[in-house]
Amino acid sequence: MIEGARGLMDALKLHALKYKMTPMIGRTHGVHAEPITFGLKFALWYAEMERHLERLRRAADEISVGKISGAVGTFAQISPAVEAYVCKKTGLKPAPISNQIVQRDRHAYFFATLAVIASSLEKFAVEIRHLQRTEVLEAEEPFTEGQKGSSAMPHKRNPILSENVSGLARLLRAYAVAALENVALWHERAISHSSVERVVAPDATILLDFMLRRMTYVIKNLAVYPENMKRNLERSGGAIFSEKVLLRLVEKGLPRDVAYRMVQRHALNVAKNGGDLRQELLRDSRIRRYLSSEEIKAAWDLRHYLKNVDYIFNRVFH
Amino acid sequence: MIEGARGLMDALKLHALKYKMTPMIGRTHGVHAEPITFGLKFALWYAEMERHLERLRRAADEISVGKISGAVGTFAQISPAVEAYVCKKTGLKPAPISNQIVQRDRHAYFFATLAVIASSLEKFAVEIRHLQRTEVLEAEEPFTEGQKGSSAMPHKRNPILSENVSGLARLLRAYAVAALENVALWHERAISHSSVERVVAPDATILLDFMLRRMTYVIKNLAVYPENMKRNLERSGGAIFSEKVLLRLVEKGLPRDVAYRMVQRHALNVAKNGGDLRQELLRDSRIRRYLSSEEIKAAWDLRHYLKNVDYIFNRVFH
Amino acid sequence: MIEGARGLMDALKLHALKYKMTPMIGRTHGVHAEPITFGLKFALWYAEMERHLERLRRAADEISVGKISGAVGTFAQISPAVEAYVCKKTGLKPAPISNQIVQRDRHAYFFATLAVIASSLEKFAVEIRHLQRTEVLEAEEPFTEGQKGSSAMPHKRNPILSENVSGLARLLRAYAVAALENVALWHERAISHSSVERVVAPDATILLDFMLRRMTYVIKNLAVYPENMKRNLERSGGAIFSEKVLLRLVEKGLPRDVAYRMVQRHALNVAKNGGDLRQELLRDSRIRRYLSSEEIKAAWDLRHYLKNVDYIFNRVFH
Amino acid sequence: MIEGARGLMDALKLHALKYKMTPMIGRTHGVHAEPITFGLKFALWYAEMERHLERLRRAADEISVGKISGAVGTFAQISPAVEAYVCKKTGLKPAPISNQIVQRDRHAYFFATLAVIASSLEKFAVEIRHLQRTEVLEAEEPFTEGQKGSSAMPHKRNPILSENVSGLARLLRAYAVAALENVALWHERAISHSSVERVVAPDATILLDFMLRRMTYVIKNLAVYPENMKRNLERSGGAIFSEKVLLRLVEKGLPRDVAYRMVQRHALNVAKNGGDLRQELLRDSRIRRYLSSEEIKAAWDLRHYLKNVDYIFNRVFH
């Protein structure tokens, strides 16, 4: 899994750099907000995977312990030297203290960590599913020649790999719940955790490994449509640039409230009925009392929105 | 909650009937599939809520039991007549057998039922969030005059009520997990379930009641944009009608495989590069060997897709 | 699973009747409370399984639906007659309305039901594990000749079957969580539920079937030690009979508070330091002012505690 | 919570040292296994809390980040200098990259960590509940003068604080599930996580703080009954010493299998019918062929079982 996480990070970094300055609309609540770049998404995910890599290492480290301390952990019938020897041979650290078993808080922590990672992979997968929506179509999962998107509908290309990863994250979360219930064993050990671990240990690790590799494949081979990103960016008739106009009005001394309503009226109108917000604002005499034609037009400059992308990338890819 | 479920069903039925024949694109995997009507979505949800209403009644019935059978359930120091009397007065059935308490499988079943209902409400909420996406914009949550969609961005109208319901479903699922862990109490009762129920019982019931009412409000006051539905329906250059052409080719004796590839080539091309699938198919001499111009054009008739809506509505609103 | 539930009910009923009047101590909070009979435990579980059988039937009924309504549920390319025909042949009811699939609230409800049943099986298993504790030893799981309880410790007989069932209940709860997350699919269907169901559907059903059969085997072949039950019943020096004495004092007109403290002092003392509560009470002149020697001794009559067992059995095994 | 964890560690360490050499029976599967000391339990828990303290610090560190990077994280309308200034003032690190919010994998990891800690507290609580069982009675929760264990039964002292902690752990696990579902937000943020966090953030942190303090109080004021530990240790007629005899036989050259059956026969017999295993073994002429009377008696020396307690303590309290 550590290798898989690294592989995914490599793919994310490559895409972050490749699409660093490819503009697209940023969306909050599913609704157009302000411009971003496609590379920023990958950089965000890269930073997230970097955290996961560190968490995974810690979690793996926490369960890389052994114990050969006898039936109740007292070394009554066996010397600690045996434990030390075997642990050394197998690359494990001896648990400083154990009863019949290594304590299961370690394993709960491990499987909870896998569930957090899986939930991030779900986030990436959901994003790709969103971008592949017919109306958005800014990116698509790899689709091999001759593949059927749908047995009934010849026109379909479905993000089935990402949907698959979305679903698997639910299983990883479920396994973590079961592992958490395994902690509170009775006295020096009851074996109720065993049946759980026989399922969860192989299934959770194999599935997360699979998810990491599947997402890496999807990212690496993602079809990206910058022209559609551009088209979507322009779709709202410029409404997305309204924040910049609002801020300008406030700088000119208007109370925020007043400025907000002045701009919102036009923005909602354009969003609903179409039209071009820039033209509407240029035509509004109340607004023109505060802003020149140049100042209004400046809000439409994408460079304004992307001027700190370099700064952010420097923080992520240090 | 039963009242809330009924209120939501009423709102869903009204909308199902109102939009019964309002065509829109059906989407699978987030990708355009075949035409449906907006009313069908509400009818589907109505049928789902009808199941939930029945489940809720059963679940409520299962916990509407009482017991006054003494410290370990033996009626050693108290007569069964007292239990019968008090239960009658309070509208409860006496539990046929109890130990110190009414058994918690009843409550687990109750809270699990609430979690299933909440998960359906999440489905409705997610649908509305999807339909309110800028690129889709087929429906929008109610938005009162003067409301700010975003403090920073004057153009925004965000589906925050549906997002709220989406999140609350996670809590309801979580509460069900805790209630399930409450079943296995020790012997004639241990009180470990009490701390859980003091949180889960009020929170889960209050939240589901709130979710039901909030979704009812959203549905009742939903802004619906049939013109945008029409625009989206036409967006794919007709690719969504390809299934019908495919089936026609098969009826003419072509192996499904062959027909599929003949149609898919055009469908994917149009989906990617734009254009009009009908024209492409009419121009394809291989296809024209099997289908007349009329047969191809017939695939574009929406009435074909909606011919069984009445039949479905009759099954749902019996 | 329905057959498995019935088999378990049969075993429980047999044991309920067999041990109907076998006295043992009832325990709340793990601490001795008042006498019960061993049969009452089985009767309680029987009533619980009866509820589960009914829930299981409903849940099975809810998923025994089919749909052949086309890619988005409109019967656009296929006649409802086909659905009716195939459903009839396969013993399914047609879903009154569907989109690409049968809605997943049905399956979530099904798997949640399995989780509730599993949690009850865990309760039975935990009870057996408690009864098999060395200090309690009122019952033991079947243990075949030649079986090793522990590879290290020849004297051990461990309740491993019940521990196994305890653990498996955690998995069933986990699967229900994943199934609940499967409800909120996108639009007319996204396939994110599929990977979950490929794991959960076989694993949850196979495991619950296994748990039901395993618990049936354990119950059927349980080693029961009535003499140890009797020994434990007498262990507390009679403190468990203190409630009866308390109630008698109250009947004589003493305020409950005063009576409570009068009895508690002796009860805690005997519980801590040993001795015989009956003797202590007989020797307490304050108590003797209210209760005759006969009245005190009457509290020790087990028949008093078990006088309503018949009544309870009649309610359960109607 | 960090302070609460430290407080609990202090209490555990004190008890570990105080009861370092207080012998008691170790139990696996709830069944007597081999002798341990009461101090070993506390030392094991101390080591577990030490891991938790470290995990808690990491988790707190991971969410101690801030972001003031604008509506979609681009610093379009605000300088990174503001973020740097505010974060410094508030003691947070700036998130290296953000969209509208700090990413929720951090919070999921935080709440999952709390759930793991809560599950360990449940383990401690379950242990105390076991030790307070009437038949075991090796320790009891603090019970203030005048407190009623049960309103009905004057003799009862119930481990209600530990039962309360057991239940609360279920809530903490549930909250972690909800927090894990919060990770996969849409695009540059959807607000579905907010309703969850408004419940989970205060409730999970307040509850874990409460659990830590409650367990500290219970441990600090635990009533410990070494004489009962001694009584239980001797209860099995010496069967628990059988492993030592078995090992001796193997050392003498007997195949393990043969030795096992030779000892098990007596051990199970004594466990079931009472008697004294040492006497039985001394009387068995087959065994006496291999072991002298002194060798058999040596198995009964508790010092043998406790000889490595010092070694273990040195590893834990380094």
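Order as written gives the chain letters A, B, C and D; numbering starts at 1 within each chain.
As a convention for this text, a residue touches a chain if its C-beta (ideal position, glycine included) is under 8 Å from a C-beta of that chain, and two chains touch if they have at least 3 such contacts.
Every value quoted in this text rests on a predicted model; they were computed, and no experiment measured them.
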TODO: Based on which chains touch which, give the shortest step count from chain A to chain C.
DONE: 1
Task: A-D against A-B, pair bridged by the larger set of C-beta contacts - done: A-D
Task: Of all other chains, the one whose Cα centre sits farthest from chain B - done: D
Open item on the list: Taking the mean of the CA coordinates per chain, how far is chain B from chain D in Å?
Closed with: 42
Open item on the list: Distance between chain A and chain D based on Cα centroids, please, to the nearest Å.
Closed with: 34
TODO: Measure off the straight-line distance from the CA centroid of chain A to the CA centroid of chain B, and report it in whole Å.
DONE: 26
Open item on the list: Could you pull out the residues of chain A that touch at least 2 other chains?
Closed with: 27-30, 33-34, 70-71, 77, 129-130, 150, 152-153, 158, 160, 163, 166, 173, 177, 181, 186, 190-191, 243
- [ ] Pick one for the touching-chains graph, please: line, ring, star, complete, other.
- [x] complete
Task: Contact footprint of chain C on chain D as seen in their complex - done: 25, 27-34, 129-130, 132-136, 148-150, 152-160, 163, 177, 181, 232, 235-236, 239-240, 242-243, 246, 260, 263-264, 267-268, 270-271, 277
TODO: Would you tell me which residues of chain A are touching chain C in their complex?
DONE: 70-71, 77, 129, 150, 152-153, 158, 160, 163-164, 166-168, 170-171, 173-175, 177-178, 181-182, 186, 190-196, 199-200, 203
TODO: Provide the residue numbers of chain C that touch chain B in the complex, in ascending order.
DONE: 26-30, 33-36, 40, 43-44, 47-48, 51-52, 55, 58, 62, 69-77, 80, 94, 96-100, 103, 105-106, 108-109, 112-113, 115-117, 119-120, 122-123, 125-127, 130, 166, 169, 173, 176-177, 180-181, 183-191, 243-244, 247, 304-309, 311-312, 315-316, 318
